[in-house]
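Here the structure comes first, spelled out in structure tokens, and everything after it is commentary.
The letters A, B, C and D name the chains in turn, as written, and every chain counts its residues from 1.
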Amino acid sequence: MVIVMKLSASSEEIAAVNEELKCCGLEGHLIQGVNRFVIGAVGERRDLVAQRLEVLPGVEKVVPIMRPFKLVSREAQEAPTLVRVGDAVIGGRDIVLAAGPCAVESKEQIYEAAVRVKQAGAKILRGGAYKPRTSPYSFQGLEEEGLKALAAAGEATGLATVTEVVDLPSLDVAKAYVDMLQIGARNMQNFRLLQAAGRSGKPILLKRGLSATIEEWLMAAEYIMSEGNNQIVLCERGIRTFETATRNTLDLSAVPVVKEMSHLPLLVDPSHATGVARWVGPMARAGIAAGADGLLIEVHPEPAKALSDGPQSLTPTAFSRLAEEMKKVAESVGRSL
Amino acid sequence: MVIVMKLSASSEEIAAVNEELKCCGLEGHLIQGVNRFVIGAVGERRDLVAQRLEVLPGVEKVVPIMRPFKLVSREAQEAPTLVRVGDAVIGGRDIVLAAGPCAVESKEQIYEAAVRVKQAGAKILRGGAYKPRTSPYSFQGLEEEGLKALAAAGEATGLATVTEVVDLPSLDVAKAYVDMLQIGARNMQNFRLLQAAGRSGKPILLKRGLSATIEEWLMAAEYIMSEGNNQIVLCERGIRTFETATRNTLDLSAVPVVKEMSHLPLLVDPSHATGVARWVGPMARAGIAAGADGLLIEVHPEPAKALSDGPQSLTPTAFSRLAEEMKKVAESVGRSL
Amino acid sequence: MVIVMKLSASSEEIAAVNEELKCCGLEGHLIQGVNRFVIGAVGERRDLVAQRLEVLPGVEKVVPIMRPFKLVSREAQEAPTLVRVGDAVIGGRDIVLAAGPCAVESKEQIYEAAVRVKQAGAKILRGGAYKPRTSPYSFQGLEEEGLKALAAAGEATGLATVTEVVDLPSLDVAKAYVDMLQIGARNMQNFRLLQAAGRSGKPILLKRGLSATIEEWLMAAEYIMSEGNNQIVLCERGIRTFETATRNTLDLSAVPVVKEMSHLPLLVDPSHATGVARWVGPMARAGIAAGADGLLIEVHPEPAKALSDGPQSLTPTAFSRLAEEMKKVAESVGRSL
Amino acid sequence: MVIVMKLSASSEEIAAVNEELKCCGLEGHLIQGVNRFVIGAVGERRDLVAQRLEVLPGVEKVVPIMRPFKLVSREAQEAPTLVRVGDAVIGGRDIVLAAGPCAVESKEQIYEAAVRVKQAGAKILRGGAYKPRTSPYSFQGLEEEGLKALAAAGEATGLATVTEVVDLPSLDVAKAYVDMLQIGARNMQNFRLLQAAGRSGKPILLKRGLSATIEEWLMAAEYIMSEGNNQIVLCERGIRTFETATRNTLDLSAVPVVKEMSHLPLLVDPSHATGVARWVGPMARAGIAAGADGLLIEVHPEPAKALSDGPQSLTPTAFSRLAEEMKKVAESVGRSL
């Protein structure tokens, strides 16, 4: 980091900064600028030290130089991480489609969805049993009963399964039923849940928070990985901005940025990002063209009957058509599906 | 809500919308516009119905008219809710100061902080024992040991106490030690935690999420209140915007807006909002002038030694000075301190 | 629009709203809701009327239902508008590449750029002569001398040319030299300039403002079109959000949304959006996959010597490679290049 | 600035960076970090050099350390700048109220407004003659006729006058009639207009752009000041965020931040920020408490008849009451009105 001293900083104040650096095991390099001193500090990035320096008299500001994450960074591991979920491998040449309804609503509904998305080429079946809903009066999910139906549909079709967990109890229950656990956008900085996910022994699908920077998102992955679990798939699902034409703003630039910063694979979720079924196709194509390793797409046998997120759900037929289109786009960027 | 039909909508499509409304217990009023039909639907706001209608053929969009919250709304209760925490009453004529360190670091530190903020006029002592930190490598709090120290400091000084809880286990432990439970910004949509807070029997301090609209924030309060707990204090602590000069952007307009929409009292936290100790004073004054019922302020006996958020912490001396200023501002807007 | 009355609204207040509507040539439909009245008003959208109603006693809020733009809307014209710039046609099956340096720096530089982007398949040469720069101390452009060099390079290579205009005088000068005029992001709501562009007789490239909603952007196009000029190409170039990893956040969802709302063609500018040359390729591919009609890309013969925006400029070699990739992506979505 | 080299940077690449720095008149200080080199560059901040370095092989990123503005910075001038507009002095102990209608609509309307705001204590009369409107179909202002009416009302009441200018022609006309020229939010980065304002010989009221950082806003002021005009008053009027309950989000933290960074005085405009008359009072009080030097407030004799921005306009009576409240708040923070 770099410590910028005030114009008026005295030599005693500069010495005090150097002293503090030494106490913390860092080394300070004094640089005399045109009209003030700056100090370059060498050592591991530690935010606490930066905070302490910032409070010292004579210090104008402290500028961090290095990124805060370690294990998840591309510098820590050059080769891409491959995440195995059932038969699917995420992060290789193959584009992986994960699809299914927002919420498991019944045995029949999830089974029907499973059969149809499998036919279309999906490898992973999604379905929510614990739904974080903005309103306490909305449908909150079938919980364990939903997990059972999801697992049964996965088994019957040979699809791997993924479901969202929202707290420690739901995580404990879910891991007995599904192949992959999802941490949703609203829980991206639920650090207890991240740590539990790190100890779960399951692959984790980590959605980006609505207002999370890419750096914070990777730090959330760092929480999981620091518990010994490197089977992490990131999922870009739109961020919150001033634009209201779409439900969220899908930040596809995050795809090349994450790929450069980290070795972890990445999916794109065009359903939550746009909130509108007819815009899912274009953004799915764009996500693959940008370099994503797969897609997470909401598909419901009857969107008009959905208990949650109907307007953004594709019909199975629309999903089949989308999967066909995806094949061509994937090939155009040197991938397969 | 209003259902806007497409230019090309057929009379069958219009009839189908009316049919669906009737099924859901709503009544449709057909209005023929200049060049299209719109349907005004009368009945309780139910988002699921809106979603289903949106999927019907011929429907262009569905525009909700009513606000989604019920119990927390000013229309449900005209009189302001008063929240009692120890000797303090939040929501009345008196401005309430809650102050203390970001994290409890030791018995001595929290006791020292308690004595000093009490002298300055604070009624509530804050101190974190479970810290949600962006990095897994940062100090995560003293947990139960910290709660004990906080409770002891509160008892010794006669201050009420408030601490953040981050999951169900920490909530269970904390409620035995403190007078008020805080739900932090990152957990504002941790709905399981909100429901548990609603059943805790304790007053709740509910911080606004970094990217939560006022409506979503009030819906989070609705989660708590729908479990039977109306002792809720909202806390504006800054939202995430493009501006980086301050840690967050303190949205003081939320004060009059919330006061109009809801009967719940509201604090302002200028420490997390600005992230810089020397800007806490001006924003604290502004918060009171805008109509807040109190302030939540970070005070640390030695900010340069703080294990968390030192740069935004006031010294006890600075806090005393601030409290003096507050008195005058409070009087200027017809309040007292 | 819908006028929502307060719970407490009297019948006199409702009558006054109806009276005001009648005065303004609108028709009011009274709807009795569960616990309040709402009035559906039929007639052309006029924001002034809405504002006046909002001030009347008893009115809680006024909710506009229809979109404010007319001429640019897809409802006004179903068929896509084709914009002709030199030999290029934007908005048809062919993807159009517009490329060149951020700023014209010398005759040699722009000529060299022109030759190279032409070889790679570009149809339009871009080059700035009037540069809106954040700092008054930065290079501000060669002005008319730059336009001459741009025109000469265009003529020598057979490329059409586009340049940014920043005020009425620069527009007047530029229109004698170039084939298309660009209105930049910072001037998207410089309404005088938009009107002058509408009367210029030239095709206009209208960039989206940094914080403009899609609706405001289309209203800016409406300003141009209401002066009789329908040769407008929109250009998505990234919006301002909290994310700082990229220079702006490229909002690719705007591509399908604009295509649905309007008949105007649309380019994507991945250079300004990302600010980093190595992320331009992925976002260019994504833009085409999302359905854009072309790309606007910064190419500089020697990025390290550029007087402006070097870090986001491609070398001619990198641009050739990108154009090859684009061909495949374009074909995968049924377009050609 | 600090140049961070890649992990893999060779010594030749490091040497090339040093060479480039030397060419640009800067001095490089090599610092060997834990696992990479960083180079501290000493010399004046020049963004072009930073951009060039960023393109060099082996360079990971360039981090600017110093702020880009010069003349407007508090370091360039410790004492606050006082701006004189008619009898009013902005930036001293006295809080200055500027008030009047959004748009001049008639001689009678502006005269009536002038008389009433003068009685209430305003020193400056505002009124728009050139209105930048989102829709081409909205009222665009009375232009020179409006300026005449504004000037006459100012003269009759002894109030100083301020009006918005939107391009060079309107600036030329307006400066003959009014005491102060306003650059609106949408033109904050209309650099030609800023330069013309700098040469106008008039005090300038510079509103913050909807998505402008504080740094960019001060750079806009730098444009004006670099033309020799230091009579600049900044005006915070809300930024664009995801929150839609208010028209914009009033960023009151900008008040102490600007006061620390710059010597220029600052007003707050609670009318445009909130968009709702009943929230103007609380935010006006908060603005003064935060340390603003005055307020810009929309007052219309009959808000329900206003041709623009009626819902956010105060009646003269409400403004008088507000001015009374302001006196008390001003005194509570050591100011007068």
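Keep this in mind: a residue touches a chain if its C-beta (ideal position, glycine included) is under 8 Å from a C-beta of that chain, and two chains touch if they have at least 3 such contacts.
Owing to the predicted nature of the structure, the values given are computational and were not obtained by experimental measurement.
The chains touching chain B as well as chain D are A, C.
By count of C-beta pairs in contact, C-D exceeds the other of the chain pairs C-D and A-D. Comparing the centres of all chains, each the average of its CA atoms, the largest separation from chain D belongs to A.
The distance from the centre of chain A to the centre of chain C, with each centre set as the mean of the Cα atoms, comes to 31 Å.
Separating the centre of chain A from that of chain D, both taken as means of CA atoms, is a distance of 38 Å.
Centre-to-centre separation between chain C and chain D, using Cα means, comes to 26 Å.
In chain A, 211, 240-242, 244 are the positions where the chain touches two or more neighbouring chains simultaneously.
By the touch criterion given at the top, residues 46-48, 51-52, 54-56, 68, 132-140, 166-170, 186-187, 189-193, 195, 209-211, 216, 219, 222-223, 226, 240, 277, 303-311 of chain A touch chain B in their complex.
Looking at the complex, you find that chain D touches chain B at residues 211, 213-215, 239, 241-246, 249-257, 260, 273-274, 278-279, 282-283, 285-291, 325, 328-329, 331-333. Looking at the complex, you find that chain A touches chain D at residues 2, 4, 7, 29, 31-34, 38, 40, 42-44, 63, 65-66, 75, 240-242, 244.
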